[in-house]
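In what follows, chain A forms one complex with chain B and a second complex with chain C.
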Partner chain A sequence: MRGLLSKVVVLALLLTVTALYLLPLWGALTTSLKTDEEIDLTSPIAWPQRPTAAGYINAFNYLKRALLNSVLITLGGTLGSVGLGAICGYALALYSFRGANLVFLLLAAGIFLPFQAILIPLFQTIRTLRLYDTIGGIVLAHTAYGIPMCAVMFKTFYSEVPKALVRQAVTDGSGPWRFYWKVVFPSTKLATVTILIFQFTSIWNELLFGLVLGGPRSMPATVALNNLVGTLAAQWNIQMAGSLLLTLPVLIVYIFLGRYLVRGYMAGAVTAV
Partner chain B sequence: MASVTVRNLFVSYHRGRTVAVDHVSFSVGDGEFCVLLGPSGCGKTTILQCIAGLIRPGAGEIVIGDKVVTSAEKNIFVRPQDRNIAMVFQEYALYPNLTVRENLAFPLECQGLPRKEIETRVQSVAEMLGITELLNRRPAQLSGGQRQRVALGRALVRQPTVFLLDEPLGNLDAQLRVQVRYELKRIQRQLHATMIYVTHDQTEALTLADQIVLLKNGKIEQKGSPQELYEKPSNLFVASFIGSPPMNLVEGNVMPQEGAMWVDAGVFKVRVEALQLGKSLAPNTKVMLGIRPADISGRPSSPTDLRISATVDLLEPMGDSAVLHALSAGFKITAKWEGSLLRPGEAVTLFVNPSKIHVFTLPDGGNVPKALAGAAGLEGRASL
Partner chain C sequence: MDSSRMPVDRERGVRAFLSRHPFLILALPLGLVGYFVYGGLLWNTWVSFTNWRGLTPTYVFYGLQNYSRLFGSPIFLTALKNTVLLFLTIPLCIVIGFFLAVLLDQNLRGMGIFRNLLLLPYALSFVVTGTIWAWMYNPSKGILNTVLRQLGFSQWQAMWHTSQETVMYAIILALVWQFSGYAALVLLAGIRAIPEVQIKAALLEGASRVRIYRRIIIPQLKGAVMTVVIVIMMYALRAFDFIWVLTGGGPGYASHTLSIMMYKEAFQATRFAYASAIANVLLGLTLILILPYLYVMHRRAAQ
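Here is the complex of A and B:
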């Protein structure tokens, strides 16, 4: 009896917290489906009397260029940082070379470098490279900034590849590239998926680089959405619809690939050794 | 196939503070099966990895065939993949994501051989090892013995000049070990392959090797045929390491008595002459006497045999024979026993031919060699 009671109490508590957590999202959903008039008259969390997709259509029209920018920036930044990070992590985990420890130390330090600390030199560098207000410039920034985190994560995963396999590959006459593509990469797909999701989410949600390095031609959707606040102050439905549109890709990725993320974090990366 | 020569090899770690291999030299003839034997930490795997090119030694030279592949002095170092050697590791080291077929083909793909040729070679090696039906499986779906066979196959398929095997049977159970051991020897004979094999198991060494290089603390204790190491151990370490069950060792003193020189070991006394040594022993020398369990018997082989009275401690039956553990004046004797069943506590008389007793000087443990032609008819006498 006491066990049941404590279960009920815990469940009630959890439900309350969940409801509180989801309330803003619910408010965003209801508001995004309302007309301007209804927003002024009803409570933000009340379900619309006549739901309309107008907010979404307007938001999409306003954001479509920025959404495309976001897609390109995220794809470029994710592939760049994960690809180069994987190579770094591979070299650090499986091959010993002079200065390896120093490289690792610097990479680890790179993780803890705050965005704000490098903003001004980064801006100057990108401008000198004539990459200001270009997709390429923002991709470059994300790639460079993402490499340390990716490299350290990959190193952790790749360290589980037995050293005997590396020695075997060397005596079999395989170079590091062949060994990577034929053995290491296929055996550690889980690690790659985990880090891909991690980077995808971080870059898609990122605001500061886009704000500083992007201009009218290259601004990502996060920046464009932020600009909505100033330009269309009263049109809550469009802002909310825009927010939800922006959340959608990340949500989809989590729904379909989230289980890999959990498994990747929890378990070893090398399958069936 | 090719011969391998290792000259003056020296490897140290921790900036010279730990010496792993201490000026080791030996050579392996073309088509010879050489076993590097020794307790763990003796440097045998390090030597193998130097030959493979996985470690660069601090000094010394390695020659495969007529080509110098490593020379610290001449600053020559041929990369592992260019040495045409194949290596088999204890951990099998099969690529987990590739099928058996792909595992076997991997080294050949690295060499850039045409697809047709790769297929033919993989097929013929698979047939030789009896793993044809496993070709499409992955390592995780194989048993330990099957994995070891695939690992061996991956070495064979390359047709290398030298095979390097690092405790390849270490992870197999006893029965399988005997079976794979036999197959390995058969293949080696068939291909006339040069093999260098690392193990700490003296049974493996004795059964497989044409030549054993016995190491301790990075130094060679003795090298020679299994028979040589067993019958003429150069020192106490070799004597106690080779042979199962290990040699019985008892300390003795050399002393003059009744006009002759005797070794008094407490358990028994034996005339020095009867030991048929190649040199004389000075009075008051301390020696260690070694007797192989197989040289102790329940029946005398000649009237000059030493007699030792003992009490049975335990008889371990091994099917066709048994290992007898007996006690004589506090001294524990191990013997290969082919006589009747004995009960603990039973009295037993053991016989030893004194010419079969090994003599080592103390404290250095060096062997006192036997006289080349034994003088027969010298008697020994047991004190008990």
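Here is the complex of A and C:
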């Protein structure tokens, strides 16, 4: 009896807290489906009487170019940082070489540094390379600043590969290259997926690099949404629809690959510690 | 020269070379990090000692003048104070996150769904949450004031992010919403990592639930708490996206943080040298707070 009571209390508390946490998102959803008129007349959390997709169509027309930019930036930045980070993590986890300690320390410290402290040199470099307002420039920035986090995460995962396998590979005469593709990569696929998803969501969600390095031709959707908020200040349905459109890819990942994302958050946390 | 054979030979050559020196390939990632991260830090520091304005190509050494101007600026002091004020997010997230973690640890069916729903805000872009919270906080028609009115708490209605007095607290409240699910996730993992035996033994000895939490569980969560502190502190120090979207640093200068001020000085006023001095103060603050921690972790890892 007492066990049942406490279960009911826990469940009631959880339902209340979860409802509170979802309130802003629920309000965004209902508002995104309303007309301007209905927003004026009804409570923001009431379900619309006549749901309309007009907000979404408007927001999509406003954001479509930027959404495509975001897709390209996210794909490029994710592949770049994960690919290069994997090489560092592999070298650090399974081979000892001179300066390995220093390399690891510099990579780990790179995770903690605030972007503002490198923003002006980055901007200047990208301008000198004539990459300002190009997808390539933003991809380069995400690649360079994504490497430290990816490298340290890969090192953590690759360290679980038994050292005996490395010794075996050396005696078999297969070099690091072969050993990676034959043994390490296939046995750590989950780690790769985890880090890919972690980077995908971080780059998709990011604002600052797009704001500083992007222009009308290359701005990611985060920058475009922020501009939309500035120009259509009173059109809450379009703003909320735009926000939810921008969230859609992350939400899909969250629903179908949430396990990996949670693993990524935990690995990121372990990395930080 | 037989051009059809060239690429094959070259490929074989590169491959052969790389298999003899496999980690030469490290030069690319380490070069990028070396140039963009550490080169950037040095370059930024040099710029902060000059009088460079972004649009003029030339500049001269300016000594410490940017820094002395900075510490005499009321905007800078506001930004510094607000950056530190954001640290309030840390204890709030830990307390709420611990409460959520204890609830989630009760092993009811469907706990995974609750955990995922509570973690959802953390997965969203700050641009999205900033936009949504602008609607939450909208004083006339927004979600929060309307709900308060409907529930009969009209006197609790507020100006939220549109008033200089409340804007920072409005920002902190929204950040607690976004980060506490993450704190719960890390603390829950910490609780789950404690061996079941210890808790069973305490229960057999007749210890109460509260006592088990105080004596056994909480002391073993040090590592998890430290993780949450570091992750949120790093965010608080560089906080930009969310505040930029919600308030742009306003009203007035009321929600300026060091990052916001740096961005505005650099990319709106094009005072590059002054902005890089702000960035360096932020870097210094980060180093003071993070270095001891990195040192301890490195020593522990070395043992």
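To be clear about the criterion, the second predicted complex is superposed on the first by the 259 of 273 C-alpha atoms of A that agree within 3 Å, B and C clash if a C-alpha of one lies under 4 Å from a C-alpha of the other, contacts with A are read in each partner's own complex, and residues count from 1 in each chain.
Criterion: contacts are C-beta pairs under 8 Å (C-beta built on N, C-alpha and C of every residue); 3 or more make two chains touch, one makes a residue touch a chain.
Small disclaimer: the values here were computed from a predicted structure and weren't measured.
Asker: Once the two structures are overlaid on chain A, check if chain B and chain C clash or fit side by side.
Answerer: fit
Asker: Using the touch definition from the top, say if A:3 reaches chain B (first), chain C (second), both or neither.
Answerer: After superposing on A, A:3 lies clear of both chain B and chain C.
Asker: Touching A:216, do we find chain B (first), chain C (second), both, or neither?
Answerer: Neither partner.
Asker: State whether A:187 touches chain B only (first), chain C only (second), both chains, or neither.
Answerer: A:187 sits against chain B, while chain C stays out of touch.
Asker: Which partner does A:207 contact after superposing on A: first (chain B), second (chain C), both, neither?
Answerer: second
Asker: As a test of reading the superposition: which chain, chain B or chain C, is in touch with more residues of chain A?
Answerer: C
Asker: For A:171, select first, second, both or neither according to whether it touches chain B, chain C, the two together, or no partner.
Answerer: Once the two structures are laid over each other on A, A:171 reaches chain B alone.
Asker: For A:144, select first, second, both or neither according to whether it touches chain B, chain C, the two together, or no partner.
Answerer: Only chain C is touched by A:144; chain B is not.
Asker: How many Å separate the nearest C-alpha atoms of chain B and chain C in the overlaid structures?
Answerer: Minimum C-alpha separation, chain B to chain C: 10 Å.
Asker: For chain A, which residues lie in the overlap of the chain B contacts and the chain C contacts?
Answerer: 175, 270, 272-273
Asker: Considering the complex alone, what residue numbers of chain B touch chain A?
Answerer: So the residues of chain B touching chain A come out as 49, 52-54, 80-81, 85-87, 89, 91, 93, 95-98, 106-107, 109-111, 138-140, 154, 158, 164.
Asker: For chain C, which residues count as touching chain A in their complex?
Answerer: 18-19, 22-23, 25-26, 28-30, 32-41, 43-44, 47, 100, 103-104, 106, 108, 114, 116-136, 138, 141-143, 146-147, 150, 177, 181-182, 185-186, 189, 223, 226-228, 230-231, 234, 237-238, 240-241, 244-245, 258-259, 262-263, 266-267, 272, 275-276, 278-280, 282-283, 286, 290, 294, 297-298
Asker: For the complex, give me every residue of chain A touching chain B.
Answerer: By the definition above, chain A touches chain B via 162, 164-165, 167-168, 170-175, 178, 182-183, 186-187, 270-273.
Asker: Report the residues of chain A in contact with chain C in the complex, numbered from low to high.
Answerer: Counting only chain A, the residues touching chain C are 6-7, 10-11, 13-14, 17-18, 21-25, 27-28, 31, 39-40, 43-45, 84-85, 87-88, 91, 95, 97, 103, 105-110, 112-125, 141, 143-145, 147-148, 151, 175-177, 201, 204-208, 211-212, 222, 225-226, 229, 236, 239-240, 242-244, 246-247, 250, 254, 258, 261-262, 265-266, 268-270, 272-273.
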